[in-house]
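Below you'll find the structure, written out as structure tokens, and then a few comments.
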């Protein structure tokens, strides 16, 4: 059984950061439960009976079974519980005992008012990082950006303007293990999500195992694909009419993790290779922001190599 | 309490028509339950306990409450029940007694393998009618088109090619009551849905009350709106960049019923008024087909003047 | 210099076929000129002076040079010329002498009222063929479908309903040269365009050279790409959120010809592999219809491995 | 004849502002000519002969006549002329004499490297203003924002961060004439475009006449329309599935000026009225940015109550 109860740290994060989090009243008393397990009769019944017995009302419920017979069960649930903030630790502990363990569930439960803490990794392309910071400041993302990490010093000033700590951790082939250790030391237990906003280094399987939070990555996508160097230049030579981007959970197998979101933008013969790069940046930041938002609204569950997005 | 159990007529409709219905195996044993009521704790728990007690497994579940406190509860549920076809009459009767009545629910339950019977009303514009017939023949719509009704004889031949009965019921101001009575006599108890595919007559409230099935209508929509005659010509004069269509449930208050779906299509200064008419026809038939499909997949519930679309 | 003047055959094609062609008045007196050549100063000036000297008025003009210095010149022009039908042969001959030869142009000129003659190749998937026939009958495509060719007999009856001749030319590995010769004998000089509507045979370079008309092909496209067998099944396993289609001119190098149009459709975790196949068919027929329409409106010019689409 | 030659001020604006302007090399030698007049044979020929005679090469050309007979002629042309910056004043003067006057044209000519100077008017909603500033800083808008004007002091600090002067000009019913005079004094001759980025005051016809630059406005749009107060709340009550925005040139007749661009965004039953406001802000800023970009790329021409957008 895998269990994650996201509880606020001693001093609640609700008021931190320049972002929109404070706009949400701290008394909404809404919680979210994401859960999955091998399907069998009685799961929904058990979950809803538990909630009912505690006086929790179900506000929104999405459920999906991958196959009517022998499939896997996935569900997302928003519930209203009076005095949620105080009751959540006990409530979730009892859920673990009475429901989670019984069905061997993978699940997590969260107070909607507590914004997930996010670290952003970046190299030298600024479009994805700045777009996340900007949307966060505008109140469009239900997150708290607590740290930026970069293998270059270039963006320190831009990030400072948003009041977010910036850590420059250089990475060379020789120093990669130490650099990753520094990243783990900096972030483990302090963040709920890591976002690779055009971070041009491959994260090792060891780091992914030990960082203690899921990692979302973004990369360009084309029809057809152009693997290797200079993809936009080659897309231009091939005369593509669409360029796209894919956001996915990072795995050791680069660019092969479960896809969260994809989208494309239309280009024409008038678009130069430089235009494609610029339009590619636009679609990358749009798709990444959507994936981060959905993840932090607890809409995304991993199902093997794929995702369920409620 | 409102209850509708859609059960197959003595001779099953699965094999009728040229459409795709027969392609669905008759033994999928999937049922759908749509239900709404005033929200209070315990509804989901009661529904799922009922299903669990009969050995039904929930395959897909969407639920929504319009407000955490004092809202209205809406749910759509797909379940798997062995021997569904034989068991459905008793199963739904027991659901009525044990759950529906208790929560004063509006609900309907359907065997997914039994295609809803649809009548299409049309006047002289053929694009929406032909599009529905065409998609039905191609297997894109989970329906059985059993009747076309028109106040004009023009399309009898085109409809004959699809093997669907065509009833010409002329309507004048003087004969409208008799015409509507003829429509009711023809359709009452024989259809589960009426689609107005550019039927240029207003249906009276009396007919809507007595026809025994919901009615879906389609009309053009613009930003800004152009009420009255010649809307496309006026949209051209105004230089709009988008033209749209709205599908909604018909009510006595013309074009004001609950909206099911809307969409737009882009036009340019190069589009003539005639182009706008043609593009308008395209978007009308697309939006209508989507609304009919969603309704017949039991995805749409009315909530006052609006809809919930799962 | 390459020159193509599309002139009507002795008996005009305007009235043939069930399609929309007759709806266009035969006296619109609109012509179209597509031209390209190595760019140098004075080309537009020479073209427009020629038109002006004959009393032709330019109604629409799109021009593009791939590079301000040393690029290639592409232009599409719609002109109004009184008595176009009678004057076109001499008008185009004079254009050849006075402008085309001088700039070593590739060009073609067409009477807008004369619909291009199209042959459709198909195997066993019917969605692209039927969609073209259907749109043609509805008046959405400015073409005249004069022949369907298939390596299977399956769709003869469906095609007969549209009044189009159907030629069954079986193809085996051994008989491919004879089959292609039969295709050339059937179509050479009789068609202005060949459309591969899911024709599951590779056309040889020899046939492409000798068929006497450009060939448009359609195939599915994914982000990322899934080359080889079972692409939809593999796309499902990979959890893609978009599936797409690409229409391109056929070349010997399969699926690598100049791209005319691409588009995608959104899918979700709820879409089964069978759903992906169905949605893929939808996007394939949409993209193919768009490419055929644009080609036949003389909007598409080949520029090396890419296209200019005006 | 109306003529506007946009020439750089004594000290070129290329290097001012934090924006992307400097990124464009100052030696691209590309110019743009927008022109319209009553159509008659010989216009294109005269324009292109003029350009040819001066050694200018046409890089891109779009032309449109509203009607083959008796219509109005519109054209957009990008040309390459060696030493454009020095030659433009004389070049445009000669164009006026030799072509513009002869055909009684409305036209304007611009050095592509000289960014149009833009003033932004704003009240208290910040989303459109900040989006323009942000895109400008990112290099996505080919403009130079030289002034922000507001009837409120609220956004002075946010604007200061972008290095743009902020002028607070309060407006009351009594002081409106003086306020408008102050706006004219501030901007006349200093800006090429005024953008109303949710400026909640109606500009008088007098100001529009005397400000010396076109004015672009943005407002929300719905299907159907909801005139008057609380449009988002009413859109929610009506259950619309799309909300939109319209960018147009401001005229005395509020919200009735020529439409430049429109777009919509999809909403669902899950979107609250507050969500609609937020999504409406998103679509407003997107549509406004597009309209400003197209205007400043000289793609938009007014044709009576409508626009031609090349």
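Every chain is named by a letter (A, B, C and D) in the order it is written, and numbering of its residues begins at 1.
Please note the rule applied: contacts are C-beta pairs under 8 Å (C-beta built on N, C-alpha and C of every residue); 3 or more make two chains touch, one makes a residue touch a chain.
If you're wondering where the values come from, they're calculated on a predicted model, not measured in any experiment.
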Given subunit A and subunit D, the chains that contact each of them: B, C
Most distant chain from subunit B, judged by the mean position of its C-alpha atoms: D
Degree value of the rotation bringing subunit C onto subunit D, based on Cα positions, nearest 5: 180
Between subunit A and subunit B, centroid-to-centroid distance (C-alpha), Å: 38
Distance between the centres, which are taken as Cα means, of subunit C and subunit A, whole angstrom: 44
Subunit B-subunit C separation of Cα centroids, rounded to whole Å: 38
Touching two or more other chains - residue numbers and ranges from subunit D: 60, 64, 270
Residues on subunit C engaged by subunit A in the complex (per definition of touch): 64, 221-225, 237-242, 244, 246, 258-264, 268-270, 303, 305-309
Of subunit D, residues touching subunit C in the complex: 29-30, 39-42, 44-45, 48-49, 51-52, 55-65, 68-69, 75, 80
Subunit B - residues contacting subunit C, complex: 60, 127, 130, 134, 138, 140, 161, 270, 278
